[in-house]
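All chains are identified by letter, namely A, B, C, D, E and F, in their written order; residue positions are counted from 1 within each chain.
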Amino acid sequence: MKIGVMIQEGPSYNHEASDTAYKFIEAAMAKGHTIQGVFLYDDAVTNVARHMEPPQDDRHIARRWSELGAKGVDIVVCVAAAKRRGMKPELIVDNTRISGLGQLSEICTEAERVVTFGD
Amino acid sequence: MLHIVNKSPYMKSSLESCIRVAQKNDPILLIEDAVLGAAAGGGVESLVQGALKNHPVYALGADISARGLSSLTPGVKVIDYADFVDLVEQHKPMTWL
Amino acid sequence: MAKIMFVNRNAPHGTIYAWEGLEVVLIFGAYENELSAVYMDDAVFSLKKGQDTSALGIKGFLQTLPVLEDYGCEKIYVDKESMEKRGLKTDDFAIPVEVMDSAGIGKIMEEQDVILPF
Amino acid sequence: MLHIVNKSPYMKSSLESCIRVAQKNDPILLIEDAVLGAAAGGGVESLVQGALKNHPVYALGADISARGLSSLTPGVKVIDYADFVDLVEQHKPMTWL
Amino acid sequence: MAKIMFVNRNAPHGTIYAWEGLEVVLIFGAYENELSAVYMDDAVFSLKKGQDTSALGIKGFLQTLPVLEDYGCEKIYVDKESMEKRGLKTDDFAIPVEVMDSAGIGKIMEEQDVILPF
Amino acid sequence: MKIGVMIQEGPSYNHEASDTAYKFIEAAMAKGHTIQGVFLYDDAVTNVARHMEPPQDDRHIARRWSELGAKGVDIVVCVAAAKRRGMKPELIVDNTRISGLGQLSEICTEAERVVTFGD
């Protein structure tokens, strides 16, 4: 089944939303579902900040998304939200991309399910 | 339809709104801070018991363990992320933030 | 072609959600989908006439509400209980809406392909 | 002590916790979404009326106007940012988020 | 020298506040201030024994609680009503606390120079 | 009177906290009070993102803080929170600085009032 994911807030480390979304996606992929796209909206854009440096014994949220992107999951950062927060293209991790809300619309059209995580 | 709730019912009214609108037999899944509502013996137990009359109620095990909740309201089913995916496969989801 | 519903639950101005819940209509309107919006809980205040954000120094959105229909969001539902609990009447709203009870809201949600909360 | 509340009492229990703990005559200031609690005729009016018996209750005018609230619960005083500063000068503040 | 109180009201793990409300004690402890902490509303769950965050993949803080005192935070108050409403008893907590009613919490707040909410 | 301000969350644009804090500080300075320091904690660190580009007709939150800093207000960005969110020193606006929670402790000791704004 094609599943889309929107992370609406739950910016990196402040809310659990990013963690739940990641665990959900991992489990969905393990079951053979296709992730149609992960749309990072509002403050969720900070999930993929390239220069993120969490404490060494903590999870690395941006790296996790980048690795998921390397596996072929389309990770889309909302352009308007990114601009408001100073997240230029060179400041986001590899294997993710900046695009518009139109991408969320397409995810909603193509996916059979769309799950939202947020604050 | 699967109703996903992530806020503690002690602090925020999301679960109440969800229960009010959810159609009979629609499953309700408690994740993140919302699992606090699944703990037995608390002031919101009657709210959850009421929900159980019309809905299957699930709570995410990882969130339950993280908060050290040992005793849950009878009827609440503890599930893992894989079960969460199955629920989404079976029902279109709505998240009550 | 999907039936997409935006469920607005947050109060206006305290967070950006009320704003983004409208922004998303303006963009989604360019695609071939069937759009609708629900206003419930504190989001019913987002529809209120007379909002003036000038003293806050932030942008309001009263001018966006009347154009939602032009962008393909033809149905705007308001949850009756949320409205009444907040002492509001349909006269208080800046645009015409369809008031619906809890069961009605639950039913139209059930008919959607995708629900996005704001 | 000045108690500052910024969450809508329709959605979150912060105002209730504040009222429960605040000492008699301590001022309570509603800002941001909390001003929704100051609107007359709503379901939380009795909560605010109860607070008014023991506390001066203020609401920030800029937030009131932004939300188009025309009729407020009698007794709630509308103030501006300069008055907010004066309240902080007169009382040590605690914010109930 | 100031009397500084950290008022914890948020549930553990859903947001970072419970964590930061402890982090701040570890740092403030290096300065000459009189520190105390209150746990009320959902934050009473932050003190609960048996929290295991391993399945979430995020760091827990049960090991931090017992050292708060060493960092100069000698008083840990729990709001009685919050605790009872959530079906918790002092036996459920990982550290010894002083349980206080609403009026008592209000009174000790009044005695502080600075209150920081978490 | 010396007033300290902590902004605990309310990251730029997502919550009103940043706006209320700014308006409060403006009003306090207009009355002749001294702002002992503004401490940006947790997600509030995104308030001072250098590359922020809000829509042209919207307020520019980072520039506002930078201008306040230019007037001599000490605007301190929590180092641990900044690291978690990838906000390196070169990515924050001028007239603000990155430092530790110790600065918040000092603000609490020196200010006669400390006001918190947040989510």
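As a working rule, contacts are C-beta pairs under 8 Å (C-beta built on N, C-alpha and C of every residue); 3 or more make two chains touch, one makes a residue touch a chain.
Predicted model only: the values in this text are computed from it and were never measured.
A.B. asks: Stepping chain to touching chain, what's the minimum from chain A to chain D?
C.D. replies: The fewest steps needed to get from chain A to chain D is 2.
A.B. asks: What is the minimum number of touch steps required to go from chain A to chain B?
C.D. replies: Graph distance in the chain contact network comes out at 1.
A.B. asks: Does A-C or A-E have more contacting C-beta pairs?
C.D. replies: A-C is joined by more C-beta pairs in contact.
A.B. asks: Which is it for copies chain B and chain D: same residues on both faces, with over half shared, or different residues?
C.D. replies: Same, since over half the interface numbering is common to both chains.
A.B. asks: Could you work out how far the Cα centre of chain D sits from that of chain F, in whole Å?
C.D. replies: 24
A.B. asks: Just give me the whole-number Å value for how far the CA centre of chain C lies from that of chain E.
C.D. replies: 39
A.B. asks: Using Cα averages as centroids, what's the distance between chain B and chain F in whole Å?
C.D. replies: Computed value for the inter-centroid distance: 37 Å.
A.B. asks: Where in chain B do residues touch two or more other chains at once?
C.D. replies: 6, 10-11, 13-14, 32-33, 62-63, 92-93, 95, 97 - these are the residues of chain B that touch more than one other chain.
A.B. asks: Multi-chain contacts in chain C: which residues touch at least two other chains?
C.D. replies: Residues 13-16, 41, 56, 58, 113-115, 117.
A.B. asks: Where in chain A do residues touch two or more other chains at once?
C.D. replies: Within chain A, residues 8, 13-14, 16, 23, 42, 80, 114, 116, 118-119 contact more than one other chain.
A.B. asks: So, with touch as defined above, which chain pairs make the list?
C.D. replies: Final set of chain pairs in contact is A-B, A-C, A-E, A-F, B-C, B-D, B-E, C-D, C-F, D-E, D-F, E-F.
A.B. asks: Which part of chain F faces chain D closely enough to touch in the complex?
C.D. replies: 1, 3, 8, 16-17, 20, 23-24, 26-28, 30-31, 33, 113-119
A.B. asks: Going by the contact rule set out above, which residues of chain F touch chain E in the complex?
C.D. replies: Those in contact with chain E are residues 6, 8, 41-42, 80, 100-102, 104-106, 108-109, 111, 114, 116, 118.
A.B. asks: What part of chain B is in contact with chain A in the complex they form?
C.D. replies: 4, 6, 31-33, 60, 62-63, 80-82, 84-86, 88-89, 92-93, 95, 97
A.B. asks: Inside the complex, what are the residues of chain C that reach chain A?
C.D. replies: Contact set of chain C toward chain A: 1-2, 4, 16-17, 20, 23-24, 27-28, 30-33, 113-118.
A.B. asks: State the interface residues of chain C toward chain B in the complex, per the touch definition above.
C.D. replies: 7, 9, 40-41, 79, 81-82, 102, 105-107, 109-110, 112-115, 117
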